């Protein structure tokens, strides 16, 4: 296992020591494993928190700061955090106007956030949740766990975070979050597996000439496996279902987000972005904003995902608004 | 070869298409393969350009923009660009106050930039070069190629770029560049090799229980190989020679930069940063600023490097100055 | 009929922790195939925390014991298994109440309350390929055996067998809940990790409770 | 004594391109061991560009031909090899001058001018484990052979043999220039990729020039 770690069990706690040392503007609760912006609670602002398994960095801890999250709760690698963490974070960031929970649609995350919300409400804090479920690789159905929350989560944390800075109410933010989620779709693919530190070996095996399409961000196997394709083929494979699912129309404007899974060089991500841009252009879809890089990762997995967010003036303005976090920073 | 590419020979050219599509504020010359900031030449400002082999992204192309570089010349993967590229870039960014070449100390880069400078001077443009050679893994000697330029290059492009925005002269910038270089030291290590796309197989083989210490950023083997250590052991291995080489004194303040080689998750880089911070603290060295992430990479290599830059007020202020590039962005 | 005393209930939990530790890699391997390779790691982290509680705290009431066990799991496991097993033991304890021991029938009611907690939390349905598919038949088998006059030990053996059968029955199922559901058809042919840990829960009961 | 005509010089370049293409992977492999795994790729890219030039342009003067070849290598190779081989051919052409053919002695002078160009550009010293260590002995061998009255073909065979010997002699050397120097002692025992491509340059000369 080729990892820069001391002991598998200590990875998350020790990484938090590093986060704290590198970002004096953040406050870390090491006992409960929570990352706060230094000035939380921010008077007059609805608190926005998120959390999920570790191994997706910079998400979520790297998105704590002005214009995004007030707190993030990292769980063990690929394991939802616990209600204790979410409850403590909720209490701390509440400035009296309530707290929004940004939750990715995974059974574990949903249930743990649900328990935390029940406990917070019992303590008199207003809590709403917004759930991301943008992964079109997964069939959506009322009778299943439904789609996974992936790339849209980053865009939602950014835009809803910006709206929270404007002073919008908890209800408004929850509605905005649903708007963002319903205007976003993603799909990912992997060239290699990742290795969960505590497991010590690859979650799945892929032949040197295979790739996995429709992968999640936890080393879950994808929807199907096929011979490794060129970047152009892969772009079509993952973009077509995304565009088709909305479906997007000629003339629509999107934020195009090509995300690396962690082990793919930026050089290749830009190459992929070029392919995606070509395909969007051919379909008459405008790129209003773009994001290329490792923003929601799956440890050292090689591969990428594409996320499209249909933009209107409101979302564009919220995307452009100042943000000051370790993972996204502009305008300040 | 698990890469998101179409054809090995086309990687750099196609990645540039993606860069252009993702960053409308940049201008790309596809024929010569040069990335310019959109407003080059900037009136009243000395031009600052750099270049080097591709495969180190975001360096250098990702550092083009206000507050850093006016242009970057990417070569083939791990291969210095050619004098044609550097000459064209030099001519285009010259606003009459001359052009600074930021060159990493590799035989190829040195010779190609030298030829370009000769040609530019022949055309009446004032050119100076500043060379980075911060890698303490390599023995320094007048009779050899000397130390490699690695992590300090990023910090130099940032600080010298900021000084150029202030309107400093070519001579002043060259002197500042030397100051930055002489106040910076680096050392790196690898857990895995990378794969040059055109070569198609790993540059070197490392057993599952080995690591390579003193690695460069081109898949060059390091200084020695030893059994894989814990993060704490690795931190000591790479930090001690860096601190010792200055040597740093108790009370010195540094910018501490933990850089990922491309294939190591951010989670682990933060963990490493925590270890480095602990070791600096034990030595009485203050961390004034920090940077953690993939900033000067070696394709998909797993591993990291540590760079320390001794700070004074001038360098701290230049580091904090606004910058607006794909790879580093703040203050605007 | 013999009553189950507090120390037996604690022995049950310790035995469960032991079986989880022994099967940690196996559970994680099962979760690799159709999930995210952490079920064994998660359960082991949680049950080690439970054992630490048992080592350090005195309990005189069943409700207190299981309230603490449930909260410990909720606080230390995370993922899907944390809230599910956590809720299971919380509801088990609430149902058992402020007593120092349980007779066989009351034990069956507590098992059922735990199961209902899992249903409330996760909304699993039969055949969804989850821990429910081992837990529900085990609970029914136990209660049916007690109703038809079996001894505690025999009823627990039937519960264990039913849990194991339920676990095996998850293999051909197409997952509809949890992470495995993302795989669609590809989830068929794999044994559910949660159903497997639940079979260990009832194996531990059969070994330690009578 | 036979003169070397322009078409022979072009044949030399084409033969060099062919040998580089055939040895592309081998050169890259050598560069993997003590460099950055691109020497074969670099040289092949450059020599393919040279062949394209030869296919598309007419040359009547040696100086023009090699000026173009040198500039093409400088513009297409990059790395260390680009300026070094580029300068080699640029200086070769300048020395040869505005002529349509070279006699054996003038060819030797041009070889020497090329070598001096490499020295000016890269400052290699004997034993530094670079292309110089194949190029210098080859050039000396050629000129010594011509001086002592050998025919062109024989002299080129001696140059080829000296280049190959020089290439092999790089194996035990400790690198002092280029990327291999970063390895220090670990560079010992490996053959230098640039010396290897230089041996091909003289092998091509021996095959195509006479």
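The chains carry the letters A, B, C and D, assigned in the order they are written, with residues numbered from 1 in each.
The definition used in the following text is that a residue touches a chain if its C-beta (ideal position, glycine included) is under 8 Å from a C-beta of that chain, and two chains touch if they have at least 3 such contacts.
The structure presented is a predicted model; accordingly, all values stated were derived computationally and were not measured.
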item: Joint neighbours of chain D and chain C, given as chain labels; value: none
item: Far-end chain from chain B, centres as C-alpha averages; value: C
item: Centroid spacing, where centroids are CA-atom means, of chain A and chain C in whole angstrom; value: 32
item: Separation of mean Cα positions, chain C and chain B [Å, integer]; value: 54
item: Whole-Å separation of chain centres (CA-atom averages), chain A against chain B; value: 29
item: Contacts with 2+ other chains: residues of chain D; value: none
item: In chain B, residues with contacts to at least two other chains; value: 77
item: Contact graph of the chains (line, ring, star, complete, other); value: line
item: Each pair of chains that touches, named by its two labels; value: A-B, A-C, B-D
item: Contact footprint of chain B on chain D as seen in their complex; value: 28, 32-38, 41-42, 45, 74-84, 121-122, 125, 176-179, 181-184, 186
item: Sites on chain A touched by chain C in the complex; value: 53, 75-84, 106-108, 111-112, 114-115, 137-139, 143-145, 148, 196, 198-199, 203-204, 216, 218-221, 223-224
item: List of chain A residues in touch with chain B within their complex; value: 1-7, 11-12, 14-23, 54-55, 57-58, 62, 77, 191-192, 208, 228, 230-232, 234, 258, 262-275, 277-278, 287, 290-292, 294, 297, 299-300, 302-304, 324, 326, 329-332
